[in-house]
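Which chain is which? They are A, B and C, in the order written, and residues in each are numbered from 1.
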Amino acid sequence: MQNTQAPSSTSVLEIRNMTQRFGGLVAVSDFSINLGKNQLYGLIGPNGAGKTTVFNLISGFYQPSQGRIFINGRPTAGLKPHKVTALGVARTFQNIRLWNDMSVLDNIRVAQHGALDYGFLQAVLRTRSYRDCEARIEKEARELLTFFELDQYANELPTNLPYGLQRKLEIVRALSEKPKLLLLDEPAAGLNSVDAIELIRLVKWIHENFDISILLIEHHMDVVMELCSQIKVIDFGQTIAEGDPEEIRNNPAVISAYLGDDTI
Amino acid sequence: MQRYSVQLILIALGGLITYLAYEEAIDLYIISVLMFMGVNIIMSTSLNLVNGNMGEFSCGHAGFMCVGAYVSSVLGVLLFSKNKILAAPLLNPEMAVYFFPFIIIAGGLAAALTGLLVAIPSYRTRGDYLAIITIAANYIIISAIENMNIIGGSRGFMGMKRVVNSMEDVLYLPWMVIWVFVFTIGTVWLLRRYTSSTFGKGVNAICQDEVAAEIMSVNTNKMKTITFMLSSGLAGVAGGLFAYIIGYVNPGSFNILKSTEAMVMVYLGGMGSLSGAVIAAVLFTLLTEGLRFADVLLHYLWFVPDSWHYSQVWKWVIIPLILIILMQFRPEGIMGNRELSDLFPGLKRFYKFK
Amino acid sequence: MSTASLIQNIINALQWGSFYALIALGYTMVYGVLVLINFAHGDIFMIGAYVAFFAATFILSTLGLPGWAALALTIPITMIVTSLVGVSIERIAYRPLRRKGAHRLYVVITALMCGLILENGNLALLGASRKAFPSLISEHVYTIGGVSFTNLKIAVIVTAFICFFILHWIVTKTKVGMAMRAISYDKFAVPLMGIPIDNIIVVTFVLGSSFAALAGLLFAMSYPILEPYMGALIGWKAFIAAVVGGIGDIRGAFIGGFLLGAVEIMVVAFFPSTYRDLIAFTVLLVILSFKPTGLFGIAKTTKI
């Protein structure tokens, strides 16, 4: 019944009763979320809880077994990932997925693929639209790199960058697509505490300075507590708690999911 | 001015070769070697797009060459020459001189359409499974033509020399030399422009991380389709030229061995390096043709008895052996994945290709 | 089609498929362990047939032994000599490249080159004249209810099945087989567990090459004309069979081989024989479009 309603016009991301099964395994069960403009929403849960699956479903890499996803009020059912991206979603990956044989600048440029105003013929004939578009992309990419203080690495290969900067570059690459919704999949994973704090500041800063909603997966409770206004906790695909940081902190279901049941 | 030097050099080179061929100042054999070099450059650079830039493993490139060769041969012969199928030519043979490039391009387009045979399965599968599909496509194409008796079946198809002759009757120029040169330069130019655009770099993104490419807004299926069709279309162009140079085609000459030659050139040059593919094609042509003279050269050595003769059969033992040894020393090919301009940044001043 | 001719075709398909299956086993084993398409494998089959030819001729004419004794000696000689060829290729051409960490496809190209050397080296050394394989056992034709088969055909089919079961036993039950499966699962962890990876690879090549040798011997006995390029087409086809079965899986390779054999025999039964390759490859293409990783292959899920 709920599924037939029109999507809310103010929400950037709306998921209704989404379920995903892999064979017999229910990876995500009856997941619903509503993300307003400029919201920073945290998605937490123990390993294997289905957090990344939620991201894969949102970005169109999987099609949900049940339920519907709306991005900026538009359903994503049946869309391939690049079409979903075109609706205004960008994401990062838990294991960094940069194109390692391309320069940092090219990594940003190729991410503009969906926004190219030209096609094969114009590229080969080097028409005016091609030249204008390439010039614009290059300019914007360089500006963005300068903005995030990565400009000195523009011609480096991503593999030559320190790990923390690779994480940062991946976020910048996602931002370069001018998304309305940014999905960050454990941005601080694998970083030492200094770099992690830096990255958290970066996320906060992006949230304050860009007109963007962020859905953040993070392992560390403290990080999420500090950043997010709203938090959702899932375990074994089930939503076990939802609310502001204070509510989550005191929720017994969350405590038992993270620390285990104390009833022996 | 300086940045146009490459263009000027190419025009001068093309003019020089044409002039020498026109004056018959160089041996016909050398001219044919130069033409095969052009065909090989088209083959290796176009395969490099798929195997190097996109990171797929296409083993059936000769199949597309075969389609191009047959389509442009049959079209040219039907239109401009007496033939067994329709007896009289459809058009005045004098028109051949104007239509020749379009015939070659038509062969290329037909081959590009055949490329869909590989492009569509590539949406769902990649790597070794796709390699098999390309091999199967190669066999299917050859086998299909072998069963088309109207165009000669496995006996082959000829009559292209008459088309070339009627072109020369209109205006005496070494037409084949000119067109091979034009299409070779055109291919490299096309590929260079494609791969250096942001659009074309999507191909490299697919090679390095297909999932990231798709999620980062690259329409991977569209890119794969374009890339496979472009690559096979250019192979078709090479096939058309090859058919008109030799004047005779038969399906057997486009078997897996021909595909292997193309692959060898790509990997010899270095995967993903356009200039590497060109250099490798030149070297490979020189090597295969050079071995024809091995007998003469060997007899300069004092210990080779006069009665002993080098047999051409050894050619295909020596070439693979050389390649195996080369790969032991340079397992990434001549150029790796770099271009000439990466090795010699100074060269960038001399051309404006971007 | 009558029942008799159907059974006749099935027997023919089993015999023809046995060759593909035996060769495909070698492809799939090497692929499973090294993720290498060993394109020289078809020519290993050819080498097997030639080694068998020389061994059998020598034993028959020089030693003057009877046919059954010659066969009994030829089988082990062929398998050993051919395995030596297979292992030498691995040692000389593939292993150094692997050690240098060359891109996988360079090793594949090297394999292609090795195949060319074997084919053309054979042509250069022995000439283009075809060799007639001596008959080692007298062929009996049995006819039961309109279905005729020879003792050789039955021997080919039985050998293929025995080989499969031996290989299956080795892979599932022995220590070496376990190591093979471990390598195909995670080749970085295996040396850390103290498993000598190079020895396992050699064993793989020995097994694969000796099966190809056996196929070569049986092929030469069934179709006693040898020529240097005999392994090329059959090798490519066996590889395709291995992939259709799901490369890396020995069951898949075995069934893929028989499937290809069956398709080819059925095509020849209904169409002119020139359509054999066309239709057989088209069928395989269709199978692969519906099951992109082959019949038994497991779709590798991309983890993100």
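The rule we apply is simple: a residue touches a chain if its C-beta (ideal position, glycine included) is under 8 Å from a C-beta of that chain, and two chains touch if they have at least 3 such contacts.
Everything numeric here is computed off the predicted structure, so don't read it as measured data.
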Chain pair whose interface holds the most contacting C-beta pairs: B-C
Nearest-to-centre chain - CA centroid comparison: B
Euclidean distance of C-alpha centroids - chain A vs chain C, Å: 49
Chain centre separation (chain B, chain C; CA means) in Å: 33
Distance between chain centroids, defined by C-alpha means - chain A, chain B (Å): 44
Chain C: positions in contact with at least two other chains: 304
Chain A: positions in contact with at least two other chains: 61, 93, 97
Where chain B touches two or more other chains, by residue: 211
Chain C - residues contacting chain B, complex: 31, 37, 93, 96-97, 100-103, 105-106, 108-110, 112-114, 116-117, 119-121, 123-124, 232, 236, 239-240, 243-244, 247, 274-275, 277-278, 281-282, 284-285, 288-289, 292-294, 297, 302, 304
Complex contacts: residues of chain B adjacent to chain A: 190, 193-194, 197-202, 204-205, 207-209, 211-221, 226, 230, 337
Chain A to chain B touching residues, read off their complex: 59-61, 80-82, 85-86, 90-91, 93, 97-102, 106, 109-116, 118-120, 123-124, 126, 130, 133-134, 137, 173-174, 177
Contact set on chain B toward chain C in their complex: 51, 57, 117, 120-121, 124-125, 128-129, 131-133, 135-137, 139-140, 142-144, 146-147, 154, 211, 256-257, 260, 263-264, 267, 271, 311, 313-317, 319-321, 323-324, 327-328, 331-333
